[in-house]
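Consider the two complexes below, in which chain A is the common component and chain B and chain C are the respective partners.
What follows is the complex of A and B.
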């Protein structure tokens, strides 16, 4: 009895130790988090840029028809743009675009995440009538990214950090505000929650579909492709909807990639299959229904399930193949700097000297 | 023997594991299609609203299978003082220009398209006699909003139904006024109204036919015409935005 008890205590202690090590020992999936940050930020930026010219109608003073739906929305961020002028809307709009660009580049990523999160809700939430499920995904991704360290790789923050370390300075004051174990712990918690959320998203969407008669009969995608707002390219929609095989492949692709997304992630080989399938399905739907930003935000969270080893291999391949081009661009950059320097010495400085010695002396 | 851990870390891990576990359980219940178990814990999962709200339906649970257009029309007096009507303007078709042949369209391209569903559901909440009240407002002297509200109240329209209907009806009327003012800036509008046009898509079985055959296979369109309303213009900025959009996309 005592031995059993001791074994049990030991197993619990070991399990706790493993949880402890995993949770606060080191940060996981930092490359995947970087891909997710970049994809989500580009989805926000793309959405805002593509709606910039019609912002007054979409979310501004002329979005009168969104008022009833807006009135029951509970996001406090909506007050930021409540009844504001076009100029204030333009300011917050541009600020959010700048923040999402900074987030994509990984420039002060944590602050950029906060501004993008608040700005995104404030803007997109103004018009729930035309909101898309992708908006929910972006909101939740940004929310969990607040906890995560998404700029450890492929970011200007990482570049700055490595330069500071090379110069013997501390890495970064803002990023080292928390003790390393807490920072890693929060990152890993955000990662687990975001991954769980993504799996649930796919599963819920899949369950909804199989419960629907249109999907059961295989006509759901067909019907959607016939709606004027969902057939930006009528010839493409007709091509797909007339071809029963293509329609079946796409329908099963959507259902498989959503309903079985979670279970298929459990095995290494099926994980690759379902990730590729999910990305392909999203790319096709992005084109057929002209929903590129919603699809990009889904692809961004799908990227979380690709291992860091794979992302590192991708990095190696990209660096190797783009090295000559990057070198060429850098060389031309230096040439440009040389030209600018020469112009400074030959034109600017003589003019400055002339002004100093002839005009100012008088 | 497990290595003793600092107490703060242990507390953090314990709290975090418990919180994340509970949160993921709540999210799971909220994400699954509504059922008696998720209904039973609705008050416990209400904290998810609004930041953790989940609406994952990539397409509506029952995909819409009909075109929905919002059309608007105005009445005005001509130079001789005779009552005239403008042609119907299909504003949804104007908006759709922002979607057609564009991989990266704009969300302003399908606002009224999406507005039609809630507008229709508010209108369908009225019974026959109440709907007659709502749609019989005369062209020559439309009811004011107060008069319309009182008329609906006199027809025993429940307050929630009345408020919901008037809110959407007024919104659509304001949009109609903006659109018609933008399109006919020189006319002095005396009344405006809107109509909802619905038509089911080409049936699946008829998808292989020629364009004409497919058109013929579609069930006839249904048009619900609203009552005349007093012109209800928005702010100058709102009008300018609508005018600008109309000029670029009509």
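What follows is the complex of A and C.
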């Protein structure tokens, strides 16, 4: 009995040690986190850009009619835009767009994540009547990205860090504000939480559908495709809804990619299958139902489950194939700089000299 | 995966419990979230819907439709008309109905990223229909008889007296107010040239997509809308800025 108990305690201690090593040893899925950061930021940017011209009606003074729905929302961020003028709205709107662009580029990514998160809630939450379920996914992803180090790769932060290290300097204080164990721990805990969130969201959506006869028969999307607001491209909707096979493939694709998302991630080969399926399904949904931003945010979190080795291979392939094009662009860039320099010497400086010697001397 | 510096690894036992606690919090959070998203079950009922809702609201708020697309079978419309008094005095007149959802659908045609403002009319219609379904038959009769002179407080009393759930009454009144204000701002821009808008009226329509089995013989366009007209409402003026924004929005159409 004592031996069994001792073995059990030892096993628990070993498991705890492995968990500890995984949590604080090094940061995991850093390439996947970068893809998630880029995809989510582009989803936010796309949503804000596509609604920029109608922002006053959507979330500004002209959305005063939505006040009863806004009043029951408990987001404190909504006060940022409470009763503000059109100019203040434009400022916060543009600031959030700039922050999401900075997040996509990985420029001061941590600060950009905070501003994007707050700005996104403040803007999108102003008008709950026209909110989209995809908004929740974006908000939750940004929330967990706050804990994560999402700019270790494919970012301007990473570029700056590698340059500083190459020059023998330390990384910037912003990146090293936390001790490494805590930084890694927070990243890994955030990663676990975001992955769990993604799996739960997918499986809940799948469970909700599977009891419905339309989803069982592979015809559930037919009725949605008939609704005027869900068929921006009528010819495409008709093509899919009139063809039994295409309709069933798409319907079952949606159902399978959600219901079995979690279980299929457990095996290496099925994981690849379900990730590819989820991405393809979301690309189709983005076009057929005109939901590009929520589809992009779903693809961004799906990318978390692609291994870093795969992302590194993707990086190698992209770099190899685009190297000639990049060289060409750089060459042309230098040519452009030469032309600009020549213009500066031939046009700008003589004009400045003329102003200094003729106008100002008087 | 940048490795942790060696000196930090040596110090790990001192602070590993902090990260372990964080992980435990995340695990508990995920279990609560799973319960929130799960279908009704004895376990979920034991925790209680209200307790779960108070945890997820607002930052972790989400439904079962956060990813992908769901099934919708109902097409809805939201139409507006107004009673306009001529600027120079004289007898006013009632405008014809304008179906805002149809205008929105036209604006969204071939748009890969439709604007959120073109969802307003449809969402108001959906929620007004839902609000009416939540009311009892007696309450719906009260709603049918509402006029522009009925104050919201008096309407609440009348609806509460007619039975039903107080939450359903609050939901109806919230969307009635939103629809009135939206319709008013739209009407003032739409019929500004005809005089002063005094009252507005809105109606919602509802029709269902024919079943998949009947796709060869019936289409959605063959189905008539089942309309419900709400009574006349006193116009909501709104701020100058709001009216100007609506002017440019209506002018685009």
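Going forward, the second predicted complex is superposed on the first by the 333 of 362 C-alpha atoms of A that agree within 3 Å, B and C clash if a C-alpha of one lies under 4 Å from a C-alpha of the other, contacts with A are read in each partner's own complex, and residues count from 1 in each chain.
Throughout what follows, a residue touches a chain if its C-beta (ideal position, glycine included) is under 8 Å from a C-beta of that chain, and two chains touch if they have at least 3 such contacts.
In this text the structure is predicted, and so the values were computed from the model without any measurement.
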Combined model on chain A where chain B meets chain C, clash or fit: clash
Touched partner set for A:26, first chain B, second chain C, both or neither: second
Touching partner for A:196 - first (chain B), second (chain C), both, neither: both
Contacts of A:237 with chain B and chain C, given as first, second, both or neither: neither
First (chain B), second (chain C), both or neither touched by A:222: both
First, second, both or neither for A:14, with chain B first and chain C second: first
First, second, both or neither for A:46, with chain B first and chain C second: both
First (chain B), second (chain C), both or neither touched by A:155: neither
Partner chain in contact with A:308 - chain B first, chain C second, else both or neither: second
Superposition-derived comparison: chain B or chain C, residues of chain A touched: C
Contacts of A:69 with chain B and chain C, given as first, second, both or neither: both
Chain B and chain C contact sites that coincide on chain A, given as residue numbers: 16, 19-20, 23-24, 46, 50-51, 53-54, 56-58, 60-62, 64-69, 73-75, 85-86, 127, 129-130, 133, 136, 139-140, 143, 181-182, 185, 189, 192-193, 196-197, 200-201, 203-205, 207-209, 212, 214, 219-220, 222-224, 226-229, 232-233, 241-242, 258, 287, 290, 292
Chain B partner contacts - residues on chain A that touch it in the complex: 13-14, 16-17, 19-20, 23-24, 46, 50-51, 53-54, 56-58, 60-69, 73-75, 85-86, 127, 129-130, 133, 136, 139-140, 143, 181-182, 185, 189, 192-193, 196-197, 200-201, 203-205, 207-209, 211-214, 219-220, 222-224, 226-229, 232-233, 241-242, 258, 287, 290, 292
Touch list for chain A against partner chain C, complex: 16, 19-20, 23-28, 30, 46-47, 50-51, 53-54, 56-58, 60-62, 64-69, 73-75, 85-86, 127, 129-130, 133-134, 136-137, 139-140, 143, 152, 179-182, 184-186, 188-189, 192-193, 196-197, 200-205, 207-209, 212, 214-215, 217, 219-224, 226-230, 232-234, 241-242, 254, 257-258, 281-282, 285-287, 289-294, 298, 308
Chain B residues within the chain A interface of the complex: 1-3, 5, 9-10, 12-13, 16-17, 20, 23-24, 27-28, 31-33, 49-59, 61-67, 92-93, 96, 98-115, 118, 167-168, 171-172, 174-175, 178, 201-202, 204, 207-208, 234-235, 237-242, 245
Partner chain A, residues of chain C touching it in the complex: 1-5, 8-9, 11-12, 15-16, 18-20, 22-23, 26, 29-30, 33-34, 37-39, 57-75, 101-102, 104-105, 108-117, 119-120, 122-124, 127, 174-175, 177-178, 181-182, 185, 209, 212, 215, 219-220, 236, 238-239, 241-242, 245-246, 249
